[in-house]
Amino acid sequence: MYKISTDHLTELFSSISHDRALYMPIEKNGQVQFDRWMEDKKVRLDALNTVKSPKDLFFPQSENIVAFKIKGKNISIIENRDESEPFVVFGVRACDAASFDILDMVFLQDPVDTYYKARRDNGIVVTLACSEPEETCFCSVFGIDATNPSGDIATWIVDDMLYWESLTEKGERFTETIKDLFESADFLDEEALKSHKEDVEKIIEKLPLHDLSLDGFNSEAMDEKFNSPKWEELSEACIGCGTCTFICPTCQCYDIRDYDTGQGIQRFRCWDSCMYSDFTRMAHGNPRTSQVERFRQRFMHKLIYFPTNNDGVYSCVGCGRCVAKCPVSMNIVKVIKAMGVDENV
Amino acid sequence: MQRIFGLIKDRVGALLADGTVDRVIGWEKGEFLYDHTPAIFNAEDDLVDLVYDGFCASNLSKYLIDESKKDGKILALLKPCDTYNFNQLIKEHRINRDNVYVLGIECRGMLDIDKIRALGIKGIEKVEEQGDELYIQTIYGDKTCKRNEVLLEKCINCKGKEHVAYDELVTSGEDIPQVESNRFEDVEKLEAMTSDERFAFWRGELSKCIRCNACRNVCPICSCVECVFDNKDSVVASKANTDEFEENLFHIIRAFHVAGRCTDCGECSRVCPQGIPLHLLNRKIIKDINEFYGEYQAGQDTNSLGPLTDFTKEDVEPSIITEKGGEK
Amino acid sequence: MQKIGVFVCWCGSNIAATVDVKAVVDAVSHEPGVVYATDYQYMCSEGGQSQIRQAIKDFGLTGIVVCSCSPRMHESTFRKTAISAGLNPYMVEIANIREQCSWIHKDREDATEKAIILARTAVAKLNLNRPLTPGESPVVKRALVIGGGIAGIQSALDIAEAGYEVDIVEKSPTIGGKMAQLDKTFPTLDCAACILTPKMVDAASNENINLYTYSEVEDVSGFVGNFTVKIRKKARSINADICSGCGVCTEKCPSRKAKDEFNMGLSNRGAIYIPFAQAIPNVPVIDREQCIKFKTGKCGLCEMNCPAGAIDFKQQDELVERQYGAIIVATGFKPISLENFDEFSYSQCPDVITSLELERIMNAAGPTKGKLLRPSDNTPPRTMVFVQCVGSRDTSGCGKTYCSKICCMYTAKHAMLIKEKYPDIDVHVFYIDVRTPGKNFDEFYRRAVEEYGVNYIKGMVGKVAERNGKLLVQGSDLLADDQIIIEADMVVLATAIEPDESARNLATMLTASIDTNDFFTEAHPKLRPVESPTAGVYLSGVCQGPKDIPETVAQASAAAAKVIGLLAKDKLRSNPCVASSNEMLCNGCSTCENVCPYGAISYVSKEIRSAGKMEVRRVAEVNEAICQGCGACTVVCPSGAMDLKGFTNKQIMAEVDAICR
Amino acid sequence: MCNCNHSADEALIPGLGVVTDIRVDTPDVKTFRVNALDGGVCFEHMPGQCAMLSIPGIGEAMFSITSSPTNTKYMEFSIKKCGCLTEWLHQIEVGQQITIRGPYGNAFPVDTEFKGKDLLFIAGGIGLAPLRSVINYVRHNREDYGHVDIVYGSRSKDDLVAYDEIIDEWCNEDDVDVYLTIDREEEGWDGHVGFVPDYVKELKFDTNKTAIVCGPPIMIKFTLAGLEELGFDKTQVYTTMELKMKCGIGKCGRCNIGSKYVCKDGPVFRCDELDELPDEY
Amino acid sequence: MSIEKTEDSNFEPLIVAFCCNWCSYAGADLAGTSRLSYPANVKIIRVPCSCRVNPMFILRAFQRGADGVIICGCHPGDCHYSTGNYYARRRMTLLFSMLDYLGIERGRTRVEWVSAAEGVKFSTVMNEFSKTIHELGENKKLRDLRCKEFLD
């Protein structure tokens, strides 16, 4: 466990960014998002979480896959994927860190997605524990301890001291390279950190959503939940935009498209949303014609389908982004509350 | 705000009971005190969840496009700014007028939860309104603030308290202060910048866009059966901002498709998760239309020709833009 | 994938001089879709065209690109070549590498590079062309002439002569129009009625012509070749079939107070009247405001005295609906009202009259039986003053800005006739400029001045005031440069003429365009003066602009010729590059309907399968016969449902891409 | 053997194939023969598996490989014209290069459940394409399997895919019975007339067979009902599913039905597995 | 982040001109027949009427690397379709104002009314416009980089 005073953070950041790109929550045009660190950038470690989740650093919104050049009947393939170089992402919250594990379950599962894997290997995740969770947070429901985030290195900010503890071997190796900036933390610091964690835990207990119950959401309940009449009423307000899927740290659906650049064809991958009407549209029909079915698919996938395939791990980390940002305030919490209650009660 | 809600609730109950309407579209209580969801109430009994307070900003006129296609009559609770969109949709034959009974409800301006958070108020549990004071109970203690400190951008530039389309009005009789503001103030500020500064400003803003289509799907005017950006046969079909240009293209084309039809209801900026001031694009076109072709408020009536589908022989020449000022 | 043949023309040396034709052929042969590329000295020559035909057969081409001169020159030629080779004519694209490339760029390398880009653009567009076949619509072999003046009659006679059925709709009880009110006509001074009445009789007797007098056009719909017109036959209260035209009823009628419109109100007429002796049809009409039977229910003398029993008080308006292939507008003119010209005190003193009133006074069938008498006291005048350009060439806003063209000539005619019949009357004419632009016009005017001693004063009249029975005309004499006052017995104002008041709503019915003075706008002032931009609508007479009788008759025959040309065809081939709406994408928002200059878009509700279930939707439909293919609707349509065949969004985008590659 | 230049774990990067022959089967179905650039097949596959074909700039779609794995000279795809990519494919000429990647999806359990069983193939229209791969594989290793019945129907005679191969090879193969039918009476056709599901019920197959059904959704629904009527239980009937697939490796979420990904866990399903899934296909 | 204006002289601007078939295209032809030259980097696309030009076409031209776009039509009042250019005039005014508002250089887009008889005017306008674009330099603000640098 190391520590460094918060007023030397800029020094720490510049030394890290010496040989590696450093990303962290930075305010730009009034919006906090993960951006590359520069001296003049306004660092915002106090913001609860960014709207666009750090998933973007590993699974970017759009990235080149391959390009083709067509000459008459012949095609030549050009590999012009965006090469990923080593980088550090600092200030990741516990929920986002947990979302990386969920994404790993998808992309690193055979057949491995090499684009994602390259970025995951090159990236070092430095998490920062929350100190002031908000009412929209419910990560505790999914067994995520906000005060002890996962990731390669965990950090805590208590008063004006930053505690730095590497959790994985990759984190260890990285800490070695910048060890001289830190002092090692003594017993007193451990105590201060423990009491800080208890305070935060007390607050988490007081969060309105912390007692959300997930029983009733398991693979046996698939048919019962699928055919429940409640989906109609829950989805009547949904306007079918992609906000909840694009800001969600665990949504992993993507689309592959070709773009004719005039010089050749660029095949790229970009985020896609199951809420869009053309998500499952085929040449001769669409299995999910109305918004009710698309709405149901999203929450059934997160709460039942994904856990069935990944031994019980839900595809939601309770970060509360969709609770805060849905244009019509319909979100997974309301679905859990509406669907979780037993039918006959 | 409680008085007007009581009146509305009784009126809605009465209309449901005597069968003039068979369902109501309004707002339903959410988890917290500020996340109300538009909802349709069928029978008189489940009105218990109906709510109308400072957080019912969403514009219900877009739902009426599909709802008015169904048989039976629906009661729509429309705020003054929503009725402009209602009129515009009637003009475009998108709403079946006789399947909708419009109840014009009074509005004192809606609150913006992000502004409340920006004041440093976190962990919000309860919000009470007394006059123009807000008492907010949070897990970090109770906080208070002024109502018009945290008004939504579209309510600061409110277009006025009269409804332009209603079958019946519900008012509480309290006089609602008409807040004076120059809605083109931000546009003028931007116009005063040099063109490079403006380019930097808009690059900064539009680069935040994550193409979630919330602005398009919430806009009552942007309600094509199939949008050009989704229809793969169209020439601009695209789903992601793979390049700086795509970010501009989406917003310019959208601004143009609603040009002359946008009622400046401000919903696009309210729902943008990345906080992009999209209304400044539409408001610029409205300012130009007013300046070049005379005051025009879309949705004021249901039969006038939109500015882009009308002309006069003496219209100003496009070269006016290039000569408008020195190199700024 | 298309199979495209590219043919680059040398155009002798016009192109080959500054464009390396071989390089263009070589560069364009690698474009996607191109299977054959060649060049030739004169593509538009017979040799060139046969080469194209041969290539189409040999390579089974599905489309050809010709890089040559402007499409406005030879597009039709190469389309005919394609047809002759069995290829759809709209699978031909022209790259303009002469007027827009070789002739204007000196540097050979630049010109060649641009020619390659233009050729590439044409190929890119052709790749997305679809074969188009012009739509056809039937032609109703009947014409409609609105207005029964000399213009309408002449057009109707010419069309009937060609064997087609014609209907004339005239709103007054008789045909003849303004010309019937004239006495003599310039420059030959032959009597207006003598040359008009034979034509009226011909029109009445011609079995191809149907007269709808005392009728008005109420509604026009449909399009060129197939107009549907609703005509309101106003009730005459007389059964025209059994009326012999004896006129007994007009004598017996006790109500005498009505002002006779035909005599410009200078005399009275009965409630039941025939406008003038030679009226066609020679059937009286009952003026229901004046007729005592209609006002009080008593009287009915005319019914009692009518030998044929033709009076029928219960007759109602009748609405007739008929189909027409073409419509000729001949609504004629009327003098402007003089209420904003009270400086001439026209309304105060009866002796201040307009020229048309003078025509009636001098006409033998007029109120004074042809004797020139002052309307106030029926005494012959000693001095007469004519005032020109009353309300014409007037920029002050109360009159018309244009010159009414015919006043100078008819005033010279009046002056000459008066001096000839009453040599001792002093005739003065105040004028700004005397305009005599026609054949023998100026000689006629010079005779009036030299032979008959008419005193022409160059100057404007400031005021006309009555003082003890005399009219003091105060005007300026610019040549003598002083103010003069003339005591006159009568003052004749040459009032401006304006289109008949029925023109404005008729134009909206026909979607024809009219200018700010309510004259119908012609398709092209020099090249298409008798056609309106709206297909199938033709203009004849003063409704298109001030003109005299010779010009009116000339234009009437021209309009008739155009109509005959149209009716001669059984089928009308319409331009296939028209808009078409994709009903799956149409929102039914009517934005396109609002911008269509031709009203070619209508809305229907249709059953459409969407999202798995059938739904009734309001969708746009384009009438391919009316649409001219301007494309305004395609741009206001947000969802891209409306597209223009021949210039689709994708084609133009492909052209932009090809240019910027 | 396959030298398509894509490394094993580059799942989304396609290899190149060239169309060496195009056979017009029916007015809207053509069979394309695809080889690697220098001959041979692009990759090995098992019967029932699919491949992602694409023409860059037009689109990419999943097609079932209709040739049998035992055929190492070329790979065949029977493609019906019903979308913009298929329409473009129907316009190309021999020698056109396309991109190809795969194999994707699970295969028919030819080496496990099917071994030694009597097989009943039921196909409708273009549905024959995936089954043709299995049929030819079974014919190639004839001794491993029992009696083979093939019931194949289509709208009309010239809508029967691979008609001459059926008549010349399959019909006169011993221990293989072929039953052909068309929907409506047509002169020049003396065979059975009627829909496939009714024909299956008419033939009253005994129930110790393993049935493999493929065709348009309505036909599958009625055929399954018919088989159940004859006494087949769900574990004996297999079918392949037709859904939109994009990545082919179970990640992009397109073909997600219930907890299964059709492109990875399917497209071949046993009917009882199918019932576990929510009916959203 | 201001874009510096390099004045490299060998920069060859690419200009796309949309000409209406009845007036300005005929004007261009007349400029041709009277041999009035203008720079070769102006390429003309023929459209039925100036009202057919969709803002998407203009943005696509800039996206693909055009440096200037000019829309030519008949003089207001002479439109072959009587009202086409009135609609185009309003739409282009708003489009240019929007592009200027987004910070794109004002001179890059232009509307010009050229009748079929004004060959001289057509060539002077094209020369003038090409000069303005040359001064403005390459279009860097409204450009899709994927279309430019994608060279194998």
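Each chain carries a letter (A, B, C, D and E) given by its place in the written order, and its residues are counted from 1.
Following the convention adopted for this analysis, contacts are C-beta pairs under 8 Å (C-beta built on N, C-alpha and C of every residue); 3 or more make two chains touch, one makes a residue touch a chain.
Computed from a predicted structure; not experimentally measured.
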Required steps from chain A to chain B (each step between touching chains, minimum): 1
B-E against A-C, pair bridged by the larger set of C-beta contacts: B-E
Distance between the centres, which are taken as Cα means, of chain E and chain A, whole angstrom: 46
Between chain B and chain D, centroid-to-centroid distance (C-alpha), Å: 52
Approximate Å spacing (C-alpha centroids) for the pair chain B, chain C: 49
Rounded Å distance between chain C and chain D, as computed from the means of their C-alpha atoms: 69
In chain E, residues with contacts to at least two other chains: 55-56, 60, 64, 83, 87, 91, 144, 146-147
Residues within chain D bordering two or more other chains: 84
Touching two or more other chains - residue numbers and ranges from chain C: 595, 636, 649, 653, 657, 660-661
Chain A contact footprint on chain C (complex, rising order): 30, 32, 611-613, 657, 660-661
Residue ranges of chain B in contact with chain C within the complex: 69, 92-94, 222-228, 231, 234-235, 257-258, 305-306, 308-310
Chain E - residues contacting chain A, complex: 64, 144, 146-147, 150-152
Interfacial residue positions of chain A with respect to chain D in the complex: 65-66, 68, 70, 73-75, 77, 79, 106-107, 111-115, 219, 222-223, 226-227, 252-256, 258, 260, 264-265, 267, 269, 272, 274, 279-284, 287-288, 293, 297, 300-301, 304-306, 308-309
Touching residues (chain side chain C, partner chain E) in the complex: 70-72, 96, 98-101, 103-107, 110-111, 113-114, 117-118, 121, 513, 533, 577, 595, 597-598, 628-632, 634-636, 644, 647, 649, 652-653, 655-657, 659-661
